[in-house]
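Presented sequentially are two complexes of chain A, the first with chain B as partner and the second with chain C.
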Partner chain A sequence: MKGNEMPDVNLAMRVRDLGDGVRIIDIEGEITAFCEEVIVDAHQRAGDGARVVALNFLDLDYMNSGGIGLLVTTLIRAQRQGHQLVAFGLNDHYREIFSLTRLDEAISIYADEEDFLASL
Partner chain B sequence: MRERLFGRNGALMAIFTRSMKENQPAAPSTEALADSSIEIPAGDALEAVLLDAGGPVDLSENRVDSPAARSLRESGVELVVPLISRGELIGTLNLGHRRSDQPYSTDDRRLLTDLSSQVAPAIRVAQLVHEQQAAASERERIEQELQVASLIQQTLLPKELPDVPGWEIDAFYRPARAVGGDFYDCLALPDGRLGLVIGDVTDKGVPAALVMATCRSTLRAAVERSDDPGVVLADVNEVLVPEIPARMFVTCLYMILDPDSGKVTFANAGHNLPYVRTSSGVIELRATGMPLGLMPGSDYEVHTAMIEPGDIVLLSSDGIVEAHNPSGEMYGFARMIGRIGAIAPDGDLIDDLVTDLDSYAGFEAEQEDDVTLVSVRRLSSARDAARAFVDEPEVLASFSVPSVLGNEREVMDRMTAGLGKLLPQEQLLRLQTAVVETAMNAIEHGNRGDPELLVDVEVKRYRRRLEVAVTDHGGPRGEIDAETPDIEAKLAGDQSPRGWGLFLIEQMVDEMETTAHGDDFTVTLTMRLKGGA
Partner chain C sequence: MTDGAQSPDNWASNREHLEVEVPEGAVDPKLTGRRLSGALQGFGQMWQKTYQVRLDGADVTPEHVIAEWKANYGEFWPDNQHFYAPIAGIEPGEVGVINASQGPITLSTGVMVLYADERSWTYMTPEGHVFAGWVTFSSHEDADDVVVAQVQLLIRASDPIFEMGFKFGAGRIEDRIWQHTLRSVASHFDVDAEPTTEIVCVDKKRQWKNFGNVKLNLAFRSMGRSLISPFRGR
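Entry: the complex of A and B
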């Protein structure tokens, strides 16, 4: 890419600690290749000493292939750190994408937060 | 629902809650006695007594005589405390004889009345939660069943229709939400002849889809054995009769077309008649016979007709004629025949009928039944043939954006605006994802992020498909990562975590084609419109 133009990053990630090594990352906005910093930062905060980290996609507006690439990177980090990465709140379209890319084989998917909490 | 508690002073106490669903039969009396859980059916005289009592009812004092009261007395219940919520008897607290052999005191009864007034709302809430959960899981089950049914059906419908010189064959299929049992098929027969099938299974959902699948494969097998449409239908009938579930049957019309002569030979198993638009008006192709699967030994007479140049044959299912408008009137055969007769020589009959149906039923209305249409047009001359095959597109959007990453969002938004409500939401989301990825590739790989270079986007609507062409001008491309992404290889570090773009594009659209002209590189994405071919 020429110049230093970077599209605006429109992504917020909030980490909730539910105790007992369970963390939830609430995602709000768009996940593209430019969100690396936000994702790495959130995952660092959530992953430290975690048993399971859940990505909450309920307020995801948009995700493209660059974003999927970042999820794969995050998944690799989670495996190295030895915690489980799961997801919930995906709509039908992104669920299909998770299934096509077979990301759903590596990341357990739950319908919603309640469903995830029930699995613990 | 029954729970046993030990009450004060050692009396055996049990809480009974009533089934709140209307018309639910009471538990059989023998079983009820066996576990002493006694239903008080709606309308039982004891119900009125309990609703009026305002507190415990002593069955040894009260003389009410009803099946429920008798059953309770027989199982040793002495005191019945009604549980009432919002004027409804939702259950009872049943107490047996006091172990001390003393009668229940006024204090006991007051305590029980207090207890019941607190227990009743709690039980009602629990019942409501239980009912809601049951309803939700039932909805989920129905939804899954619908998906299975629609998958079976759509998998078995022809993916494309044959190209027959001098003829134009077209089909339309749009399932109802509940997925009826419509199907159609196109079979290549020896000597260039063509077999056309249209049918409708009387039922919906998975059972209908399974019968449809059986019928389709049986028919395909029967066609191998006989040239005679009557024999084919009779054969299928004999196979289906013992197989088909009770009260289900299949209406089906089978027609063989000889494209050289224009002769059609057909037989009918109770299906809607085909119509032919001829130069002298619309005619019916009459043929009758019993639906398939109804009774063994059914005969199907064979009829023939000539399809002249310029004629159009229409095969249809009930979905169109039995559609209703908001005032409850049926679309009907007369209206359909009117549309067939009025179609211009080069008009698109299926398009015309579907558009008319949608405006009749109301665009927002939920479709009642599957709609299936198959049209067979005999072209009138070579010139007509050439013209008929020209599918002139309508340009829905045409624009360019500079090659700056992030602009793929603008591409998506402008394309979406151009489409209006052309695509159903699910298809739209898929196309959006594919277009975003294609635009990103054009910006990043094609034009190499040079803002001076534009990415051109053109959205065109053809008769049965939508095309989105994305062109970059960056000249020969650098290597695109053409490796099929594999999640395991990526997790193992054998592949880059990225490289999903092309894969996603291919998965999201019906077709993807690339062309190169000089410095221009175009990716064309195709989405088929509507159901069917």
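Entry: the complex of A and C
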């Protein structure tokens, strides 16, 4: 998608640094194909020097199939940079979508932040 | 995007294996029992291919484009490719059957509708398909308020045989199919426009752990069927 063609972007991503190479990206809003710049920017900020980056989906309002594609390309970037990409905070519906698309075979899923932190 | 467009029902329900009702006249791809396979389950390099055509001058909305595209999907394909739409139409969870002819061989395969809303829909491929991944059809307005029709693939060749095929011309055949499709979509709206193509290698690495996908290769099955078919009924 070219920079001047960005309709309907309703997504905010905040990066939290928990120390020891652990970062969390808090997702708020909708993930669609038009959100590439927001996701790439957040992942660049989170991924630099990280050993694990967790995507927090607790405040996700909606994701369409374009969003799945963006998560896959983010995963490839994470693998290239040498850190793990995990997820938590998915509701039952999006857990099923991760299973249906077989994203859950490559991205470990935790119930919530506490569960994720306990895994470290 | 309206609230009505953001329904969980836009997604197919979760399933372990495909169940396929083969339309009359189609060569059965024998997909029932196979799993879906995304770009992470494929073998070859990962590619993102984006084809777009601007419907400049057409008095249409993206919703109108998608509705017409869904209704006439198979007619927009090249003559040697046949898409048998699901009886229920392009709806989440439905499976379309593809019979693609190349010389004496007819490759029979299919795709499942993973997601569909008013401005887009996405197919996901089954195990054994030429490539593993997602194909998304969408429409939006660009910065000049011109409606654009788009096809975007995020794919890997499913196995080493198909990967070799992609290197020796199958990738260009794939490009021609989607360029033809978009020309047909534009023509449907009385627009004479040439599509643009953008190809990005997302991941240069091949996934050797998925070498074994070759045993599910649907082209082998199709070739076997094509070779046996002249002797049937004797």
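Operating definition for what follows: the second predicted complex is superposed on the first by the 114 of 120 C-alpha atoms of A that agree within 3 Å, B and C clash if a C-alpha of one lies under 4 Å from a C-alpha of the other, contacts with A are read in each partner's own complex, and residues count from 1 in each chain.
Here is the rule we go by: contacts are C-beta pairs under 8 Å (C-beta built on N, C-alpha and C of every residue); 3 or more make two chains touch, one makes a residue touch a chain.
Keep in mind it's a predicted model, so treat the numbers as computed, not measured.
Upon superposition of the two complexes on chain A, a steric clash is found between chain B and chain C. When the shared chain is aligned, chain B and chain C each come close enough to touch A:Asn64.
Once chain A of one complex is fitted onto chain A of the other, the partner contacts of A:Arg102 extend to both chain B and chain C.
When the two structures are aligned on the shared chain, A:Thr73 is found in touch with chain B and with chain C. Contacts of A:His93 after superposition: both chain B and chain C are touched. Where the contact sets of chain A with chain B and with chain C meet, they give residues 5, 7-8, 33-34, 62, 64-66, 68-69, 72-73, 75-76, 79, 93, 97, 100-103, 105-106. The residues of chain B lying in touch with chain A in their complex are 404-406, 408-409, 426, 429-430, 433, 436-437, 440, 444, 448-451, 485-487, 490-491, 493, 496-501, 503-504, 507.
Contact residues of chain C toward chain A in the complex are 1, 6, 8, 10-15, 35-41, 46, 48, 114-115, 117, 120-122, 124, 134, 136, 138, 140-143, 148, 152, 154, 202-203. Interface residues of chain A, counted against chain B in their complex, comprise 1-3, 5-8, 33-34, 62, 64-66, 68-70, 72-73, 75-76, 79, 92-93, 97, 100-103, 105-106. The part of chain A that touches chain C in the complex is made up of residues 4-5, 7-8, 30, 32-34, 61-62, 64-66, 68-69, 72-73, 75-76, 79-80, 93, 96-97, 99-103, 105-106.
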